[in-house]
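Sharing a structure here in structure tokens format.
Going by the order they are written in, the chains are A, B, C, D, E, F, G and H; count residues from 1 in each one.
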Amino acid sequence: MDREQLAELLAQLARGELGVDAALDRLRALPFEDLGFARLDHHRALRNGFGEVVFGAGKAPDELAAIVARFVDASGRVLVTRLDPDAAATLALAVPGLTYHARARIAVRADRPSPKLDGTCLVVSAGTADLPVAEEAALCAEFLGARVERLVDVGVSGIHRLLAEHARLADAAVIIVVAGMEGALPSVVGGLVSAPVIAVPTSVGYGTSFGGTAALLAMLNSCAAGLVVVNIDNGFGAAAAAIRILQRGT
Amino acid sequence: MDREQLAELLAQLARGELGVDAALDRLRALPFEDLGFARLDHHRALRNGFGEVVFGAGKAPDELAAIVARFVDASGRVLVTRLDPDAAATLALAVPGLTYHARARIAVRADRPSPKLDGTCLVVSAGTADLPVAEEAALCAEFLGARVERLVDVGVSGIHRLLAEHARLADAAVIIVVAGMEGALPSVVGGLVSAPVIAVPTSVGYGTSFGGTAALLAMLNSCAAGLVVVNIDNGFGAAAAAIRILQRGT
Amino acid sequence: MDREQLAELLAQLARGELGVDAALDRLRALPFEDLGFARLDHHRALRNGFGEVVFGAGKAPDELAAIVARFVDASGRVLVTRLDPDAAATLALAVPGLTYHARARIAVRADRPSPKLDGTCLVVSAGTADLPVAEEAALCAEFLGARVERLVDVGVSGIHRLLAEHARLADAAVIIVVAGMEGALPSVVGGLVSAPVIAVPTSVGYGTSFGGTAALLAMLNSCAAGLVVVNIDNGFGAAAAAIRILQRGT
Amino acid sequence: MDREQLAELLAQLARGELGVDAALDRLRALPFEDLGFARLDHHRALRNGFGEVVFGAGKAPDELAAIVARFVDASGRVLVTRLDPDAAATLALAVPGLTYHARARIAVRADRPSPKLDGTCLVVSAGTADLPVAEEAALCAEFLGARVERLVDVGVSGIHRLLAEHARLADAAVIIVVAGMEGALPSVVGGLVSAPVIAVPTSVGYGTSFGGTAALLAMLNSCAAGLVVVNIDNGFGAAAAAIRILQRGT
Amino acid sequence: MDREQLAELLAQLARGELGVDAALDRLRALPFEDLGFARLDHHRALRNGFGEVVFGAGKAPDELAAIVARFVDASGRVLVTRLDPDAAATLALAVPGLTYHARARIAVRADRPSPKLDGTCLVVSAGTADLPVAEEAALCAEFLGARVERLVDVGVSGIHRLLAEHARLADAAVIIVVAGMEGALPSVVGGLVSAPVIAVPTSVGYGTSFGGTAALLAMLNSCAAGLVVVNIDNGFGAAAAAIRILQRGT
Amino acid sequence: MDREQLAELLAQLARGELGVDAALDRLRALPFEDLGFARLDHHRALRNGFGEVVFGAGKAPDELAAIVARFVDASGRVLVTRLDPDAAATLALAVPGLTYHARARIAVRADRPSPKLDGTCLVVSAGTADLPVAEEAALCAEFLGARVERLVDVGVSGIHRLLAEHARLADAAVIIVVAGMEGALPSVVGGLVSAPVIAVPTSVGYGTSFGGTAALLAMLNSCAAGLVVVNIDNGFGAAAAAIRILQRGT
Amino acid sequence: MDREQLAELLAQLARGELGVDAALDRLRALPFEDLGFARLDHHRALRNGFGEVVFGAGKAPDELAAIVARFVDASGRVLVTRLDPDAAATLALAVPGLTYHARARIAVRADRPSPKLDGTCLVVSAGTADLPVAEEAALCAEFLGARVERLVDVGVSGIHRLLAEHARLADAAVIIVVAGMEGALPSVVGGLVSAPVIAVPTSVGYGTSFGGTAALLAMLNSCAAGLVVVNIDNGFGAAAAAIRILQRGT
Amino acid sequence: MDREQLAELLAQLARGELGVDAALDRLRALPFEDLGFARLDHHRALRNGFGEVVFGAGKAPDELAAIVARFVDASGRVLVTRLDPDAAATLALAVPGLTYHARARIAVRADRPSPKLDGTCLVVSAGTADLPVAEEAALCAEFLGARVERLVDVGVSGIHRLLAEHARLADAAVIIVVAGMEGALPSVVGGLVSAPVIAVPTSVGYGTSFGGTAALLAMLNSCAAGLVVVNIDNGFGAAAAAIRILQRGT
């Protein structure tokens, strides 16, 4: 309901094409759909597709199925994150045509491809245990329209593995760096490139990792200027941030 | 020392224009300058100007003056953050031509303007107490080449103040949102726009604010997809992130 | 055992209608009932019914059944919170007539309805994953005598969904706002209405949500004046607070 | 800008009494006033007076004076919290007629008394060191229209001191309980009365008090049903909550 | 190996009854027994019986059985804490004569009773969910020689339940107070009696209970002078402290 | 107001020696004195003298002086803790006869000595920086009637310094062990003796000491059975606990 | 890729034995091997064998098997840590010749023994529950070339058990001390010897142990000079540190 | 008091050269000196000089002077850490011949040089603000006998600055790496060398640095095998650890 729509609405009212009550109704009829237990934000889906990404954890199976089915009906497109294998199997019975990516715990259906944005989104991960989060980021970014490349297992304790890939780092339009443990990789990458770098701490580690807090703090305190951070294990969030960035200049 | 420089160096060596020892020296002579207590990274300054921003806190006065003077000599440009009034007065005696912004605690000298990047960087702040951090972000972004606009005192407890400025939000290429207390403003802004939104928690608050931790956690857990976050009170970091983003598409 | 009862007791003693030992006994015979492993506070139940709400978690099955049965015998009314499905099934075998609400994890029996208090208690929830806690609050408030309405899935990242329901917010006598993640919804609601607003953080989230701590901190640091907060996931506590408020003016 | 105002605005537009551009302007001319560095929310002041309470800490002296003066001009009423003696002296020079309460760190001017709400707000404090916060609560509640009584130094380690005042507890319409250290007093009070009880943890204590966190946690985990909590040392917040409650039934 | 034993050892050496090497051996032959994976401290068992209490969690089943059997052989007495039902069943197969207390998760065998210490150890618990820890304390104290009484379900939200038992509180020689949630009960008890009060926080609670941390902090910050605290859920520790106290004056 | 007093009161009422109103007054006239801002608990002072110990920090100078003067008038005895030198000088002007112990930050006046309790209270401290807390404990314990001995600078990194004093440890009736840093000393002492051991963590340390939290946690997790703990830097609390213990058997 | 290798590479280039493109390739062809999902760092394995130690937790079974098999093929040597029994059984099916140590959760194959380093590595553990971590340290150190001795169950609450083994402590070239609970053992050991002492906190404990944090903090705040610490439960890390130390002087 | 001394003592006793009482006295006369408020551990000083390093903070000026003077008298050698300029000036008046290093806050006197240990101790620091801690480490290590080199301002955001110094890293016998902020430098260094690496987190940073906790956690969670860590800002501790390591092989 942006300024133009509001101006048009008011103009219709001023021209007598719309009554006061109808105008009030229109003002209330904002672009979401009420399922009773959820209000689907088609407005957001129209704008950048984020609304078509559903957080799968913590939803009742039948409600999740209803939400997913509604998006499939509306646009033929939906992506569900944080879906463990059992929930995925249940969901697949209710909604046909979903593809399940086990490592990333993502189910996806995209009847029509999204238009590709300019520039590459490079997803860099520090260790093999970080791959689930990195894959969540990569699959989400692809679903949302990015061209995605991957660079894996380049943690800082073997810094030469990263430096050997300097060219790919330099070519990326935006870089997502996924790391657990001490979370140092984004700082090193941030110092090597001038593109936006989105750091994703993971819960990989034990003891004083405190479920990814150590990595998060390292990223927030990075000496690399302009590093930005999302929540622990939030691969989708990093993908959405990358899309916001890639949309500019497209 | 990028791939091209390395190729050229190796080519000179291969052509006999350079001896092995000299090549080794060159490989070690990377583009930083050693002041004994600091290694100025002119490479970074050349690339995006971040190197010309100096963190003023915790440096000995004479060493700070030496660093600042060196940048002034090299490029006529420097910006010093986290500089309290006493330190600013001391620095002004050693390095002429600095302008001091008291609220933002920033001293700056820019003999030549930076080329302006396309698109507007909008700096939004929640309360008057957040203004020092917002100003740090705004002044740094301007120094680094952004066109900056400001929107102040639009905290979520009076949501109409923010909604009244919807048009300015929609027009921005990148938005920095600065908030302390409960840190909810970036979530609301992130839901209103599709541009990149950089959230900056501030240490404004008391008690369970825990020095800005409450605001930080709120931003990291935002339900607005694709919000990114920097360290508490890190106005410069947000500016640098905005510059990384604005450079794309320019 | 309030002042009037004490005065009467003393008067009986002064009039010789009661001996010293009997008076001492009466002073000790305070209105609770000792089951050996629990002391049922019928006094509290008489006053406002809170005593008839039993916290179901962490009690041995037989002891829980004994407590519930005792309340059913005494008043025909009891509500058990935090009861997982297995425990509910076990309890149902021991005490007939219980209705189990799976999402809210509540078992309830109310042979006589509670007298309705004036004014509406509106229970607002941010996301679908917050519904279990919201339902706990709503069912408890209804059991304790409130007229309850529900408003679901109106999180702040799509602020228009909330604003569209402004009229219902304005009409409520007391509002319970349930939110996890960044916990921003109560701040926005608190700024829109003048009624009491009780904020309930939920453990919905992951990573730096720290089990609901992020939402809790946001609510405690709200810039909306006069917001009050209860423990994480404490739907019953919010309902009890609403009852305390609604009783005034009734 | 409530529904009635919006309906009226639209009606004027429909009747041709207002042009589209003017209507748009009116929609943007929401009831706040822009001082450049602050947006005074007169709307909130009109509604319940909360807007006339200014948080004094962390504002530049000249800006604080401008805000305070603006409220004095508009309504002859303002209350400033968290004002240390030096800031109070500076403010008194700029704005005449302020009364400063040193213990509560509050400056106040009320040219016209606020209409008194029905019922008593009882402010209970555990120890003498809790008095500054208790006084902040009491003075704010009085400024906002409550009849306030005080009950001091009744901490739980001498429980008879509290029980001796049972009658005053029972008579109150709403009770604010202020306690540091172990923060147990609100639980005991909450078990004695059926009125709403607002718990305020204070930063009184040392070591594992962690600046009031121990008291806060005790209050959030209270076994007294329906206890509600505000931020550490937030006397104003408790007063505002009490006002929200007292307004009901008035 | 106390001073007297050392003096005697040296005297034997001086009298030539013992050679230097033998003396060295004796000095090394301190009163513990090496099982390879554990060194049983019979010295401690001789002194106050603490050594006969075995922490059952985290030990391999066969090693636990070996330790327990060794104590049974040596003294016919052993008590195992933190033993879940499965482990208890396994242990019972290996060591006959053990009695298992399910609520307290304790297995015990005491072929000869311990001599009773003077004075009563009163174990007070706040809620029914605190009973497992209270029972651990009570059973351990009895095993170690105390006369134990129990007082249950006297939490502070119904303070009259506690005050009604004032006489039993006043008669105890040492009081162990077990409470979860807000942990306020020990403060109230500590203010009512002059005997030593040992506070045991329990992990009963949820959300901001943080596994008993809220209760622990409340107890450490108690305004009741001279309250002492043990680790969360550490019923055995409280019992051992009570024994140390009761031994004095016996 | 114990059971006997209550029985006597009721008996007087039954015998007509006391009217109902007078009895009610007596029931309310509990043994504390109301100074307006503080309620002195003479009852507690009568019982064990704890009430005569005043926490000096955070009280207004005139109120502190009034409280101290009232105790001097009543009993000629008072001890003030946490009194910095400036506050001590101010207090000395208002109340004559106080002796100030600078290291312990204690002011004391004891016109009549307290009767000495049987048994020695040994105060052991780990490092020289722990001496202020150790002295607070020692002076408070002496004021409250204990015979106190001191053992200083016997930290665990030079364990022979402690073992050399084994005899003094063995002779003590109760031991207070004061330690900062890693807080290991109480565990070692607790393993050497069978007397009650009260552990006092201090805020001595830096970095991950977190203001004494490291020492506190070590003490709470001690493998020495029956160790009890008080708040960080709480020398008075340890002394009060020791008095509670020494009173038994006296 | 050390200085000598670089010099040789450049010399070849200078002599024309290598073209520019080939040199660039060589510079990128750093000594790791890309399995797609992991980059094995044979360089590190060549240097000190650390690369042959694989962290078993959090890796997909087939990928773990591929990594392990690759090391077996390359050198006949591999050690896998954090391998639970089920994963070990699965791995054993894929890679023959592994020996599984259940307590330490380690699988190992060493077709050729590692050359033994001079000096003994003594692994000291405080309690029987610390043995799994101690064994991880001991087995890793042996695999990496150390001569290892073990000293078990010598916690500080029975300090004589440790002192009786003084000679073994004094003879060790490097000491690893493993302790949970209060983590005091390394401080005592560090005060007894002049050799390097590596402290390993374990997650043994409950309540305020906070998963080993209490022990970690104690070790970081040790008053024993020169104690060094690794992550909670990080037996491998301690072993690797010991190897770094033993390599010196060999 | 090692085994040899004990054997000799016992032999003297056996030969009648020493009486039992004298032997007991000797056993108690362990090698420390009692100043009343401190027990100087000359034993430790004799062994490795650690005892001659005095922690200057938190000691009373006269007691600090007495301790320092005693060491000067005994050996002509002492080093005082954590000494702010005012305390240093006061100390200089009491003890002549001290040299004060302002940045490191160290006062030192060494009438005789310590014998130099083999191998270089390289002290690497990430930023200029880390220099005080790095200097504390370097000066302490030199005082204790190490040959020290320094490498400054080589933080990971400009990784080429570090790689350019690869040769110096490779040559060191032990490396101390000092870093605040995200604390990533030790991980990178640890991956480049096989020598022991001691990581020192500093409190340099703000916001989520939490006083150095972020850096500490990063170091504890390092993916570089065998990294060891000391307390935040503990330059002396790192030096002492380096000395323990360098002594081996010397």
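In this text, contacts are C-beta pairs under 8 Å (C-beta built on N, C-alpha and C of every residue); 3 or more make two chains touch, one makes a residue touch a chain.
Since we're looking at a predicted model, the values are computed, not measured.
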Cα superposition of subunit G on its sequence copy subunit H - rotation in ° rounded to nearest 5: 180
Chain whose Cα centroid lies at the greatest distance from that of subunit D: G
Farthest chain (mean CA position) relative to subunit E: B
Between subunit B and subunit F, centroid-to-centroid distance (C-alpha), Å: 53
Gap in Å, rounded to a whole number, between the CA centres of subunit H and subunit E: 41
Chain centre separation (subunit A, subunit G; CA means) in Å: 37
Geometric centre distance via CA averages, subunit E-subunit B, whole Å: 58
Residue numbers of subunit F (touch at least two other chains): 3, 44, 158, 191, 207-209, 213, 216, 220-221, 225, 231-232
All touching chain pairs, where touch follows the definition stated at the start: A-B, A-C, A-D, A-G, A-H, B-C, B-D, B-G, B-H, C-D, C-E, C-F, D-E, D-F, E-F, E-G, E-H, F-G, F-H, G-H
Contacting residues of subunit E [partner subunit C, same complex]: 103, 128-129, 131, 152-154, 158, 160-161, 164, 204, 206-209
Subunit F partner contacts - residues on subunit C that touch it in the complex: 3, 6-7, 10-11, 13-14, 16, 19-20, 23-24, 27
Complex contact set, residues of subunit F against subunit E: 2-3, 44, 47-48, 50, 53, 119, 166-167, 170, 173-174, 191, 194-198, 216, 220-221, 225-232, 236-237, 239-245, 247-250
Complex contacts: residues of subunit G adjacent to subunit F: 126-127, 155-159, 163, 181-184, 187-188, 190-192, 205, 207-210, 213-215, 217-225
Subunit E partner contacts - residues on subunit C that touch it in the complex: 1, 28, 30, 32, 36-39, 41, 43-44, 55, 57-60, 63, 201, 203, 211-213, 216, 231-234
